[in-house]
Amino acid sequence: MISQFDQSGRLRHLITLKGLERTQITDLLDRAETLLRPAGDLPSRNEALAGRTVANLFFEPSTRTRASFELAARRLGADVLSLDVSTSSRAKGESLLDTIYTLQAMQCDIFVVRDAQAGIPEFIVEHVAPHVRILNAGESHLNHPTQGLLDMLTIRRHKGGFDQLVVTIIGDIHHSRVARSASHALSALGVGELRLVAPEHLRPDARDFPDAAIVDDVDRAIDGADVVMALRIQKERMSETAVPDPAEYFRRFGLDPRRLSLAKPDAIVMHPGPMNRNVEIAPEIADGAQSVIEEQVTNGVAVRMAVMEAVMAV
Amino acid sequence: MISQFDQSGRLRHLITLKGLERTQITDLLDRAETLLRPAGDLPSRNEALAGRTVANLFFEPSTRTRASFELAARRLGADVLSLDVSTSSRAKGESLLDTIYTLQAMQCDIFVVRDAQAGIPEFIVEHVAPHVRILNAGESHLNHPTQGLLDMLTIRRHKGGFDQLVVTIIGDIHHSRVARSASHALSALGVGELRLVAPEHLRPDARDFPDAAIVDDVDRAIDGADVVMALRIQKERMSETAVPDPAEYFRRFGLDPRRLSLAKPDAIVMHPGPMNRNVEIAPEIADGAQSVIEEQVTNGVAVRMAVMEAVMAV
Amino acid sequence: MISQFDQSGRLRHLITLKGLERTQITDLLDRAETLLRPAGDLPSRNEALAGRTVANLFFEPSTRTRASFELAARRLGADVLSLDVSTSSRAKGESLLDTIYTLQAMQCDIFVVRDAQAGIPEFIVEHVAPHVRILNAGESHLNHPTQGLLDMLTIRRHKGGFDQLVVTIIGDIHHSRVARSASHALSALGVGELRLVAPEHLRPDARDFPDAAIVDDVDRAIDGADVVMALRIQKERMSETAVPDPAEYFRRFGLDPRRLSLAKPDAIVMHPGPMNRNVEIAPEIADGAQSVIEEQVTNGVAVRMAVMEAVMAV
């Protein structure tokens, strides 16, 4: 595997949270935390990327992650180039590398890449010029490292630390890059216990989650949890879950008030968004007092700013 | 109805011109007027929105209004996030409120909203955080308040005041948010006379235009007018107008030289754009000496800057 | 033909390279060259367009040229408005001129126009206000002047001058605005020899390339060349080339190592991009030591900055 680190072990790209040291994650969270501002205040800004150009290359459609990276880049003083790319346009002839080389030749120095295909961000890292930085904004089912970081920041701000925590993730774990990146970070941070619960056919290979307990029963998975994270269900994958429809999924796996009552009384509820209400989560939970879902979004911009600052400082 | 005013009666959002005091409108027009610059000069700029993020949420397609708001925001120093939204994407699962909450969590402080559905801007006002501002950029057939303001600024610059004026609006009044917002503003400003003329089946309910005269005959409606405004006709609505095609519409309701000659010699011609030439307006009128259609566009940017400044100052 | 020059012969618009004096081209190349920076350095920036708004009107899809103009404009301090236009939207009713007049009324001062139809940029020049500037970003098969300039800058940086050079262009010359603009510039700069080679049915009319030699045989055309430029082949035009498929095209006209070996040992290889590898160019040539294809992209941003500065200074 191509290294995302320089010779001194500092982060040059962010492809995966796997292999990051606890202190590297903690430093990023510390820096991100200083970039948070109360709602209504002016967002934090600085000139860390002044004069730089960030290219957003989203080969999978995305509104919120793309907006989050775009705002992060602009609030660091960068120009942002958002390209209208899709796998179809790639199929039409221009190779991915030619697109990258072209943008690099236009002096785009940071590429934010989302792609449905595994290995694309690393492949790009292997080929770009030494001064270019690659940030993985979602890679197949494998990695979504800035999501993992924003989840960690959200948990830390509510729970202080990780070593006593029970974290439960519910949903299509098998296909989830969110779950994988959370698991990488939680392992590095020494989480007390990570429990994963999924519909039968969507349980992950245990080797993908070496430090987690794969639990059969939803109620048991939530019991005593400090953090409960519901994953987004792709409705088109409903048949794979061995449940016929959204209502049935909600009945069997949805995070509803009864289930949440099994967690610790001060448990927080997370979701990467966008939510399917009444599928993976009850509306009264999504909007309830224990929900930190909007804080996750706020923390996402801060974490992405911190990551961009870090990779450009190397 | 949700108030667009704060407790002191100042504008916090701009949803409708209905209920605005004459002085509130006049203040906005006065401010907008100071922001106008001669063609070719640098556009007026200031830092009233420096560090703020404006999110453009156009659930109906629009080129010109969206561009106008975008330029207004940038010339006030804001970052602008233009989202690729459509009613279809909304149908795909993410609720409108989840989109709004997400952007709000990213510290977008002003939302510019265009929607085909009545009540959406107010619905958003009810749910956003206190520091967020909502600007209605076109709501169903009901409101298009910045269009109303730019129309007033255009009239005032040519005619000085409103109390002696005869203003005639021709077209699909029934479905027109442009006519409604103009009528709200003209009422507040004490217009001399507002005449509305429409194809038979597109005449509005008189209760929607309490201060206007609904006139049957186009020639009579234009007779002696100071301002003649032609509305855009949606060609797909042609059958509803009880006229079979564009040529027939033009013959019966189009603003042509003969009809315009019935107005005052110094009458001005307005149109909200984009125009269907040879349908609602003759090309020689659209481009003629009495046309102020391009000034409307110029005034639109200034008015939107003035509105953004005003709501952010509260 | 409408003049792109002011009364003193200075460039007010850039529609075509035809008719430019050698010194005019040289001045633009000299200025562009000062704007180049080593990869990884901050791109060159200045405030030549501060406060100005550049409108990108691409009626033909384009990723790279549009991005290049957008970055050039931003690095000169301009606001950039990228409109979602297409010939279909134009067909839907709003005339091209109404779009232009609207943007002009919003104080857009530079329009970057790409259009599949011949004569559109000149048509716009005829109609805009005196302070507005039009830059042709690709016009049918006729003109692509900034491409011509970036090609000249690339050649000059490698070869010093033009009068001893042999330049060979291979491909669909008949439909190529790239070849035409290169030929205009090379004529003005006094190139030693320009050779054009195309599939039988895609040979140009000799009157379109008065200073060039139209050569039948690819090998002969490349023999002793200093510069070899392969043009992009539109696969949908393959049948017109009288060759049945990409493999056959590559065999007969593709720039491969054997053919390149016929050129001078220090010949440079150019391509306007995006490339069809294994159709008009062999991958090992595209990525080889003689390829200057990425430099062309880099030079493109610099050349577009120089052009924008020049037309705004008049």
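Lettered A, B and C in written order, each chain numbered from 1.
By our rule, contacts are C-beta pairs under 8 Å (C-beta built on N, C-alpha and C of every residue); 3 or more make two chains touch, one makes a residue touch a chain.
Being a predicted model, the structure only gives us computed values, none of them experimental.
Chemist: Figure out the least number of contact steps between subunit A and subunit C, where 1 means they touch directly.
Modeler: 1
Chemist: Do subunit B and subunit C face each other with the same patch, meaning over half of the contact numbers show up on both, or with different patches?
Modeler: Different; most numbers are used by only one of subunit B and subunit C.
Chemist: Please report how many Å separate the Cα centroid of subunit B from that of subunit C, as a whole number.
Modeler: Here the centre of subunit C sits 41 Å away from the centre of subunit B.
Chemist: Counting only residues that touch at least two other chains, what does the list for subunit A look like?
Modeler: Nothing qualifies.
Chemist: Going by the contact rule set out above, which residues of subunit A touch subunit C in the complex?
Modeler: Listed in rising order, the residues of subunit A that touch subunit C are 51-53, 79, 81, 83-85, 89, 93-95, 98-99, 101-107, 109, 129-131.
Chemist: Considering the complex alone, what residue numbers of subunit B touch subunit C?
Modeler: Going through subunit B, the ones touching subunit C are 37, 39-40, 42-43, 45, 63-64, 67-68, 70-71, 74-75, 235, 273-277, 294-295, 297-298, 300-301.
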